[in-house]
Structure formats: structure tokens, C-alpha cells
Amino acid sequence: MLLLLLAAAGALMAADQPLSFSHAAHIEKARMQCTDCHSGAKTRDNAGIPSIRRCMACHQFIATDRPEIGRLAAYWEKQREVPWLRVYGFSKDAAVQFRHAPHARAEIECARCHGDVASMTVAVPAVVHTMGTCVQCHRDNSASDDCVACHF
Amino acid sequence: MDRRNFFRVVGTASGGAITGACGRKSEEIIPLLVPEEGITPGVESWHPGVCGECAAGCGILARVMASEREIEVDGERVRQRIAAVKKLEGNPNDPTSGGRLCARGHAGLQALYGPDRLRGPMRRAGPRGEGRFEAVSWESAMQEAAEAIDSAVSEDVERVVFLSRPRADLRAANIAKFLLALGAPPACAVGVRDFAAEMQSAERAYGWRGIPAYAIRDATLVLSIGADFLGGWVSPVLYARQFGHMRRGRPGVRGRLIHAESRFSLTAWNADRWLPVWPGGELALALGLGRALVDLGVSVSPSRAEQTARTAFADVDLDKASAACGIPAATIREVGTELAAASAPVVVAGASIVREHSSDAVAAASALNVLLGRVGVAGGVLPPPSVLADLSEARPSSDGWRERLANANLVMIDGANPAYTSPSSREALENAGTVISLSSFVDDTSAYADVILPDHDPLEREAVALPSASLVESVACSAPFVAALHDSRPADSVLADLAAAVGKPFEPLDARGALARLHASVGAGNEAGASDGFVESALEQGCWQGGPAGGGATGETGLGEFEIADSMVPALFQAYESLQFGAGGGANRPWLQELPDPTSSAMWGLPLEIDPVTASELGVENGDIVRARSDHGSLEAPAYVNPAAIPGVVSMAVGQGHSHFGRYASGRGANPMSLLGDMQDRRTGATAMGPVRVHLERLDKGRALIQFSRQDRDVPPHRV
Amino acid sequence: MPEGSTEAESGTQRRTPQWGMAIDLDRCTGCEACVVACSSENNVPTAGEDQSAKGRAMHWIRIDRYYEGDFPNIRVRHRPVLCQQCDEAPCEPVCPVNATYQNAEGLNVQVYNRCIGTRYCAINCPYTVRFLNWYPPEWAEPLGLQLNPDVSVRPAGVVEKCTFCVQRIKRAKLNAAAEGREVGDGEVQPACVQSCPAEAMVFGDLSDPTSRVAHLANSRRAQRLLEELGTKPRVFYLERAD
Amino acid sequence: MALTVATAGVGGGPVGHAQVCEDLVARMPGSSPRYLGAVAVCGGIVAWALFAWVYQIANGFGSTGLRRPVYWGLYIVNFVFWIGISHAGTLISAILRLTGAEWRRPVTRAAEAITVFCLMIGGLFPIIHISRPWFFYWILPYANERMLWPNFRSPLFWDLTAILTYLTGSVVYLYLPLIPDFAEMAERCTGARRRAYRWLSLGWRGSDRQWQALERAMKLMAIVILAIAVSVHSVVAYDFSMSLTPTWHNTIFPPYFVVGAIFSGIAALVVVMATLRKLMGLQEYLREVHFVNLGKLLLLMSLIWGYFTFSEHLTTWYGNLPTEMDVFQAREHGIFGALFWIMVTCNLAVPLVLLGVSKLRRISTTVACGIAVLIGMWLERFLIVIPALSTPHLSSVSGGYVPSWIELSITAGTFAAMALLYLLFVKAVPIIAMWEYEGEPAAR
């Protein structure tokens, strides 16, 4: 039931993204790495949603004739970030302090938590992020299941 | 009830089946501006800065991380990602703070992000003192200010008064340059506890210019006369660090502390012995001690200075001194004997509570160090730093500010709040020709301003400051590391622009310029480029540190004559600078408002501290509203029956009672300075804080004392 | 009960530190720098005047001060009181949902999101160092910019208390793990310890006999607060000499 | 338990099963304006209390008068009080059933109903009391993907277990003797009501086998419920005695709480009976003998309670532990001191005089004692919770407590809820077990 709900919510979110950004196009076609845009994913706490500055670094020159890129450029003209909707995150009351870097160091694949983003167009919450998911993985990998490992 | 709460209620009622997730509010989408490069969420960086909360000039480190705020751009609400300061700590490189920081220093953050900070320049929109302002553009504000300066300068430049604070920093140097360019007299320091008495005494007793530093860390016996060095006097972090070392930093040696003050201050808390000096009796105590030492035949090095001191003390009548300070003669002799016997004694001479005779009192206490041979030696009193004379020379003095203000046709204010620290000056402010304030907040004095040209916060601007006390030659410095939050401008450049606008331009000194001069003066290498390296390294470190401070005593002492008051006057009132608010400047920081006052445990207000004897005579208990009346004014405040107050002495901390100072401070409590009139140190003109005679009266107005702890006594005592 | 395993961050077996603190009361001046440092580091909300009047001010660390004797032979005894991180913490067994427990490193952990607010822990803490968020915390704009992103802002209805700055412990461990080394003595400093001007507070690993804190905890002057209750606190107070 | 019980005098009440049934059914309240008015008033107060609770949830827990260090206040006082009163019922009826005290017959159902209603009300308080009640279900042990369980070591978890068990047991214990009466009622009603009663009577036909099963079940339940009742209030006492709070950490608390519970329970029963007697005109059923007998029980409990109270205070005082003496002093002086002496007067002096002197022992005096004891026992709970919390181990953090309008409203609301539940109950069910009461004992 909950899964269904979340999936539905995910689909809604995906539909709502301001630009129909395609992960697949960037990863499969342009052969980019996740960290090319989400630069903190392996080394920092936050993976980071790339700034439009980073988009425009390429799209000033590449595929400028596409309508979506045109819309991207319109944001850039106005000096506004693209108002992306968060796909993954924690509610404030969950009091979760998630850090990407240690997970990358433990060689957890991106896909483990984010699904096969490479084949997605607009990212959808392919992997359900609940405490159960986290705890299960932590236990399977004999990582800490101390509450304060995440909640503080 | 909002949606979330609705779900809570429903969730509770329906057995908790529906919870949290359903109530999650979808984040409202407000467009985000493209941020500056280099602001990455989740990445911290630490930048050196200089604490601006008091004159100590501590080097600090600011933790900077990405944050978001909402602003309006062209009528549209947008989010902006900015580099925000998250936390302040001491700069470990800095010899003053040593990586540590006091309560006020931490709360500097809440000045930067104070909700009542001015968003831009303001023009007065109501009568003076009312505090009604309208926002104006920088252009028109600057024009208005420039016109006022122009006409004042052309009318009578002598009547241009710049009120500031007694600090030796970049700002002081630029104010001096500005006034020099205008041809106006130098700036005046206006505040409480401006260390004027300390500086004058250093000159009289040791022949030094500036505030001497006491190396108590290496002393075995510290006698403090009037200097609450743990409660905020001169350089609280430096002295607390030294105190820790003195107590437990040396294996097998535990330094002893004797503290003489008219109040059971933080230093008295931590002292092994407290000498409860009658307010105003500090001079008598110092003289009595001198006499006791002379009687003991203490002599270290028969120098001219010591001879002078010996002469000054020789004629003192110990019994008369004892009667004037309330300390038995036997006790004075006992302390004298202890001082004489100690291997490394030092007398910390200061005036935490400035009085009419403070200069004499501090000078006499300083002379004790001369007598003990503790001047310029390890564990004794050390001279002030000698580097960057541009800055130390520019430190404003409090001499004659009242007369000048009363006669002013143009008043400019930066870092001073005379309407609060000397309420009697309000009349002069009301009658002054033009008042220009450089404050970031509408405070008591800015309420009288015609134009407010808001300054950057100290964390937003570059700084170079000489510490008010340091055991070594040192300078704290910083380059700006966060963009200005609001439409403010650093006062240094505002002054330069104003001077230029009236055709008397000057070149403001900037941090790099000041550090280059420092480099030149310490001669740390002359080849081209060395200076740049020195400057960059200093800015990166946040400080520069040299060798031991200054030189020895010049021997040119001019102690002069001392006179002991005849007897003690009863029913006295004294104000004192609070640990948390300083001279009131900290009152708009919620952290400090909610910090329990060390003495009374009061939060969000400060009480009149009454001794138990007087309190029972008046029938007053904690929290009862009491009216205190002096010849100069009256105030109402809740009472705190202070078990450690000297019977017959009422004290009150300075900090509350602001007419204007933002939402956290305005109209809260009473200003003890209003009982003191024009009282000042006779030799320096520094604002004195008592004692005055008061009449106390209990009012039937209920209770209004918020205390963190209502228990003064431990029942049962848990000894740890 | 969640049994912590600390090799989580690095993937290699490491010694489990036992965090503890020593406070030298002969050094402590009672200046309250620690109190503000703590509020700043840990996003402790300001209650405001009305709530403070109702006894709802929050200070994760406070200075208890007691007068002894009468004028002129009066003195003050003061000590900073924070969560004592007891080994036998009375707050832990009473929580019906396990929102507070002791982890492998000896921290008395408060899990904010698990707390349902029975406040049993708060009344059973003999040191009264636990606080309830009576209302949702608020910061007048732009004061919210001061908030530390490493520490969760606690929602209304949740009990909170000193964590020994667990976020700093985490950070130090992550840094050490990234560099492939152990956390050094003195590398972790809670905000109060870091700020203390008199250097009265020392934090570190009690199980490491060479650490400063272990050295101080073994001092003859070391005592623990309300030791007679058998709570086995991890905060050691070094008595004032007189 | 041997009780010297006065034998009931001969009255002029209805005799014989049919007559009794006729009379009792006739006395069940109709939809008179008076009845509806009472329901409306009680309902109004309950609604107001519900509003207060919603306000508390929506507005934040700060709307209570709680503070540091008094994190527990009226809600816990009420919790203990109501759970205490719940013992009225079941315990008294079970004891009397097991000891074969025949005079109990018209009293038991009223008592058992008190138990169920008080448990329903008292059981709500832990939920009202917590500051995130929307997560209260986390106390329940249920399998979940997070692999989190409640803390079985927490007295609050024991509370939950004990109260749920007691509630279940009490409902069964109330329901069993209702079965024959439901069948009886079904006979006398028509339409939907008849169907409802028929359904509730679980196919009761009054066969011998059914009577035997009922008797056996009742006897079994009486024994089980006795054990549960004692354990429940012991567990409630553990909430306090397991803690380190000065004066709470105390071995006397569990029996003390049980005694106090029975004490207040009897008092509540007396008051409820008097009210029913007055409002429903049950003078012929609930006669002086019942009140006098309950009065004697009340007197006995008062003495036991006094003994426990004395012992508790004596040991605290003699032990002279500084932290405990702090609480002791607080309880003996000031506002708490006044409340303390009111409590002693209500719980000890009043019953001793009014019930101890046999000449004064009457319905009116017993009822007066009942009211006094209810007040006294509520104060006792208050004086256990609040002073101990206001004077914690470290004096620097001590502080007082003044309940807010929300807590007072909810407190008032629970009394109204009790009345409301009773009002609805007597409308649906004969308050005296018709099959058990067959007129004058002499007539049987």
C-alpha cells in the first residue's frame, strides 16, 4: 500500500519537473559520470544538485536548438536556477544526517539507492527510501545500526 | 491549525493510523537565484576574523557554510544561496584568544544575523529620540550627510564631534584620518569602562602608553584591586586563559588569587580570598597596602621609580585607609605580608567600576607592582604593545566629551551609544545641529540621528586590531569572507566618500595597508614582495605575533598626590558592566538575553542587587519591584537579594533599559546609568559608575524577575 | 537494543573509543562561554521571555552556582552541568520506545525522531539536563542563517539534551577514516570544551590510558556528580582546591 | 476476608423475580428533558475538554503548565487517580463475590461499571500526557521493517500491558452477569432494541448448562480479576518507585497504591450509588445497609491508608536523606502543606469521626465520607507527583508548577465523561443485576 502510494507520488513528481531532463541522454549518450554533475557524491556530505551554471557550461554550445535547452537558457537569461523538485530526501522531522562520502568509501554503488538512473529520463524514486531500506543494508553490510549513526 | 497539525490531531484520534508522511508539506517552490561560485552546500570553510564585541581584539575563526535566504528581486520573491557564518570560535593562532572565545564573542553571530539590523540607510521621520525612520537610498543619505558636514565644517570645525569607542583598530585610524582631513578635533571615546584610568595610571606608575598586560599565568600570587578580569575587564579571554594556567597549568604550583572589589564579581567567585572594599575605597586600600609593604621593608631594586612609590606610600595612615575602605588594618597587613613573601606576586590594577577617583586608585595599585619589583618581569606587569602606532595613537580618549557634545553642531557616531551609557547626554543630542550615525541598529543614540548610514557587521568587513592587552606584540587581522547581508557599507569607505564629497579627501587605511606598515615597522625583510607575503600570511593566519611586548618602564613616574576620603558613605548605588551585555551592546542578542546572569541567575532582565540586611529592612524579596532614587534620576527594577552584596551597597548590571535597540532589548528593564548623572573620573573624564547615594522603596507592583535558578543555596550541598 | 559497531564509517576494525569529559573546577571561572557556544553549535532554540519565565529555557550546559556562608565569609561554588552521559543512565530504561540508550562508545544517545514525549527520561534524570521542545522552534529571520546544518533542528514535543557534540565526533571519525588513521587525542572537541577560555574542560577517550581525559579522570581530585546514585557518569569533576 | 455485616432489615421493596424486573426496567431513565439536559451538560463539558486536547496537540505542548523540572503534572495525577478508582469496582465486587457477602447483590454492577469507565478514562491519560500523541502506537510491540521494538524494560510499557489486560478482564467481568439481563431486556423490548439486546445476550436461554457455565466463568473471572487488579496498581506504582526521584524510589509504593486505589474505589462507589439512588429512586434497592457496610469497608481502608501514609512519612523523616527531606519539607509547608493537611483531614479524620462513631454512621455520612475521600485521594496523587518533581536532586533547577486551563479543562472533562458514560449506561442496562437480585434476602 505504502509502496504504491510512494510510487504514485514519485510518478507525480517526475511529471512535475520543470524541464524534462533525461539522465539517460547524459549518461548513455554523452557518456558522463554521475559525479560530473553531482560532484559531491563520492567525497562530500551532499551529492549536490548541479547549478544551472554547470548545465550552461556545455549547453551554451551543445544542443542549443532543442526546445528544452531553450527553456534552460531562458532560466539562465533570468539568472534563475531550474526549480528542480527533490527526488530523494528526508523529512525534517526524521532528523537524519545522511553523508554520501562514507557510503562511497564503502563502495556502495549509486544504483543501490538511486536505481538505474542511467536508463531513466527524468529521475524517479526507483528505490524506496525508508528507514527499513537503510537499516537492512546497514545490517547486511555489518555497518553500524546504532541509531546515532544517522539520527542526530 | 495548519495542515500538519490537522493530521496530528486526526492521527492521534484515529489510533495513529495516519501519521507523519501524510502531513508532509510539499515544499513551496520559490525560484533560486544562480548562486555565486564556490558556495557548495554541505562544505564548511573556516575564515579568520576579528571579534568586534569588545576592545580585547580577539582573533576568531568563523565557520562558513552555504545557506539560503529569501529576498525580493524586482518584486519577485526569490531564494538566494549565500555563504553564511554558522559558528564563531577563537583563532588558535591568535595569542589573545588562543582559540578560545567568551560568551559575548559567540553571540557576535547574532549581531550579524540580528533580525533588527538595518537593511539600508535611514532618514529620521519623527522627532529626535523617537526612533521613527524611513528608508532612503545611499545616494540621498550620503548627500544629506555630506551637506551637513560641509556646513558644519564651514561654520565652525571645532564644533564637529565624533563619538566613538576607545579601540586601537583600523576604524579608529580611519576616523582619525577623516577628522584630520576635515580639520576637526580628534574623536572622543564614550562608553563605560573605557580603561582611561588604566591607561593614565600606566603612564603615571610605569611610564607606559596604553593598557598594560598582567602576566598572571606565571604569578604565584595575584592580588587584583578593582579589576574583575574574569568578568570582562580589558581582555576576558586572555585573562581566563591565564587564570586557568595559573591555577593548574604548572605542575605542583597553584597560584593564589586575592580579589578586592566592592562587588562579589566573577573574579571574586574564583578568588581564594575576597576583600569586600567599600565602593570608592579602592584607593585607600591600595595606599594602605603600600604603607604595609613599606613597613615590611620590601625592597627589590632601589630604582627611582620605586623611590617615588615608596615616598607616595610612606605618609599613609593605615588606620585611616582601613576606615575608608572597610577592610581591617590587620587584614591589609596580612595581605601585604603575603605579597611580600610570594615568589612571584603581581597586583592587577584596574577599575572595572569606574569612580571619581579611579585614576588615582589604579595608579596607587599599580605603584604596588613597582614597589614589589614586578614591572616588566615574567609573571608581573608587562608593557603594552608598541607596534602599529597609527592604530594605538588613534585610540580615542574620553577627555572632555561632555563639553564638546553639549556644544556640537555636528555629531557623528560610530560604536558609541551615549544616550544609553550617559543618559544625561540625551539633551545634548536633541539640541545638536546634525546627528549622523554609522550604527547597524537603531539604538538609543541612533534614535536621535538625522541620518543613519549603516555599517557592515564586524564579520562582514576587513579588520586590523591591536589587542587591548597582550603578553606579546600581536595584531589580529582579517579580510572579508562573507558578502554583506544587507545594503550596508563599511564605515571606513563611507567616511572617505563623505570627506571626498566635501572636498577634503583622504586615503582610508585598509587592512593590507595597515599590515604593510606593520611589516615595515617590524623590519621583517625589505626586499620587494616580502611585504605582500607578510600581509597575505598574516591575513591567512588571522594575526601576526611578534616578540615580547614593548620595552621596560621608562622610570618617569609621576604618581602625584593621593588623598583618602574621610569615611564611608552609606546607602550607595553602583552600576557595573555585565558579563553578558558589556556596556549594553549585547542586549539585542537573544542568546545573551537568555544567558543566566552569573550573580542573580536572571534572564531577560537585570535586577537591582540588594544585600540581605537592607532587603529585610525594606521587606523586599526576590522579584519585588523596587524604586531606586538618586539626585540624578530614578528607576524601577525587580530586586534580587544578593547574599554576597556588601551591606548598604546596591549594585546593578548595565545592559538593559534601552529605549531603542531592536525587539529583544527595547523597553526591557531599567538603565542603571540613569541614576548616575554626569559622574566621571575626575582625571580622565571617563564615565563613572558610582557610587551615588540612593533611596530605595518597595513598590506593590507584583514580581518580575525571571531567574534560571531560583535557588541561591544548595540544599543539600553537593560537594564536588 | 541497537548495539553500535563503530567500524561503520571506515569498513575496518577499529578500537571503540569510550568518550568522557573532565572538568577542572579549579580552572572553571563560571564565565558561561560554554553555554552560548553550545547553543550556537547545537541549534538550541531560544525560549524567549515568556517561556523563560515559565521555566522552559533550554541550556544543554548550564552553570550551577550556589552561595555558601554569609557576608563577609561568603563564597560561591559553581560547576558546569551537562548531560553526564551515565553508564547506568536512569533515563534509558524508562523510555518506552527506546528513544534513549547508551551506544557502544558510551554516548547516552537521544533519538529525536523516535521520541514520543513521555518525558519519563526527563523526570528520571537526577541532573535535570533533559529538555522538552514545548513549541516548534523559531528563529526570527534572518537569525535562521546561524543554524548548524550538521545538527537536526528538533521538532516540537521531542526531548533533547547534550550529545557530547556527536556531530563533531562523527566528523572527526569521518575525517580520520578518509585519511586512513585513528582519531587522535584532543581531535574531538565538543563546542563547550573548544570554547572554554580557562581550558577547564577536557574531552577524549577514557579507555585510552594515555589520553588527557583519562589522566584527569584518574586524578585524586576527580569526583562525579551525585555519584551515590550509582549512575556512573562519564563527566569527571576535578574539585576546587580549597 | 471476614466482614461483620449487618443483616439487612426488612423493607417494602419489590419481591420476586418478575416484580423486580418490572420495577427496575421501569426505573431506567426515559428521554425526559431532565435526562437529556444532564447528558447535554456532561457532553458539553466533555466536548470542551476534547477541544482543549485538540488545542494542545495543534498548538504545542507548551500550552500546558508543565515546565522544567515538573515534566509530569495533572495528567499523571489524573491517570493514577482514575486507575485507582477503577479498583472500586471489580475488586470490591470480586472480593464480595468470592467471600459470599450476599448484601453485595444490588451493588456489584454499579461497581463493575465504574471499573470499566474509569479504565477507559484513565487509560486515555498516558496518550494525552505525551507530547507527540500521534506516535503513541510506537509503544505497542508490532513487527516493522525498521526492526524497532518498544522497550520492555520501561514501566510505561508494563503500564500499557497491565491496563489493557485489566480493561479486557473488566469488560468481560462486567459483561458476564449482564448476559441474563440482556436476555430479559430483549423480552421486554421491541424492534431494533430487541434485536440489539438479543444479540448482546449471546443466545441466552437460561438453560441449566448456561447457568452453570455462567457461575463457573464468574467465579474464575473473579479470581483472575483480583490478581490483575492488584498487579495493575502495583505497576502504576512502579512508574514512580522505579525512578530515582527523591521519595518516589520507595518499596512501600506498590501496596500503598493498591490500598489507596481500593480506598478511593470504595469512595467512588459510595458516591455513585448515592447518586443513582437519588436520581433513579432506588431507595428500596440500595438501602442503608449497603452504605453502612461499604462505610465500614471505607473505614477499614482509611485506617490502612493512614498506616501506610504514616509509615511512608516516618521513614522519610527518620531516614533524613537530604534530597528526600527537601521534598518532605516542600510537602509540609506552603501551598503543598495546606493541601497535605486537607488530604489528611479528608482521608483520615473525616472517615474516623463519621464512620468510626457508630451513631453517626448513616447514608448521608457515608456519602460525605466518600466525597471527602475522593478529594483526599486526588490530592494524595497530586502530592506524590508534584512536590517530588519540583525539588529535584540538584537544587539549582527546582521550580514550581501551575496547571494551565487546558489541563484543568481536561481534568474537568474526565469527571464529566464519567458521568456521561454512566448516564448512557443506566439508560441501556438495568443498574442492578436483575437475575441476581430477587428482592429481600428474606424472601429467597
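For clarity, chains are labelled A, B, C and D in written order, and residue numbers in each chain start from 1.
Heads up, the rule we're going with is that a residue touches a chain if its C-beta (ideal position, glycine included) is under 8 Å from a C-beta of that chain, and two chains touch if they have at least 3 such contacts.
Quick caveat: nothing in here was measured; it's all calculated off a predicted structure.
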Central subunit by CA centre of mass proxy: C
Mean-CA-position distance for chain D and chain C (Å): 43
Whole-Å gap between the CA centroids of chain A and chain C: 35
Length of the line joining the C-alpha centres of chain B and chain C, rounded to whole Å: 30
Separation of chain A from chain D, taking each centre as the mean of its C-alpha atoms, in whole Å: 57
Interface hub residues of chain B, defined as touching at least two other chains: 20, 41-42, 709, 711, 713-714, 718
Chain D: positions in contact with at least two other chains: 59, 133, 135-136, 393-397, 399
Per-residue multi-chain contacts in chain C, two or more chains: 62, 64-66, 114, 225-226
Graph class of chain-chain contacts, one of line, ring, star, complete, other: complete
Interfacial residue positions of chain A with respect to chain B in the complex: 39-40, 44-46, 48, 51-53, 76, 79-81, 83, 85-86, 91, 93
Chain A residues within the chain C interface of the complex: 92-97, 99, 101-102, 105-106, 138, 142-149, 151-152
Interfacial residue positions of chain B with respect to chain A in the complex: 20-21, 24, 27, 29, 31-35, 37, 40-43, 78
Of all residues in chain B, those that touch chain C in their complex: 41-42, 65, 67, 69-70, 82, 84-90, 99-103, 105-107, 109-110, 113-115, 230-231, 236-237, 240-241, 243-245, 247-248, 254, 264, 266, 269-270, 272, 274, 276, 485, 579-580, 590-596, 598, 601, 603-605, 611-612, 643-647, 663, 668, 706, 708-709, 711-714, 717-720
Chain D-facing residues of chain A, complex: 130-132, 135-136
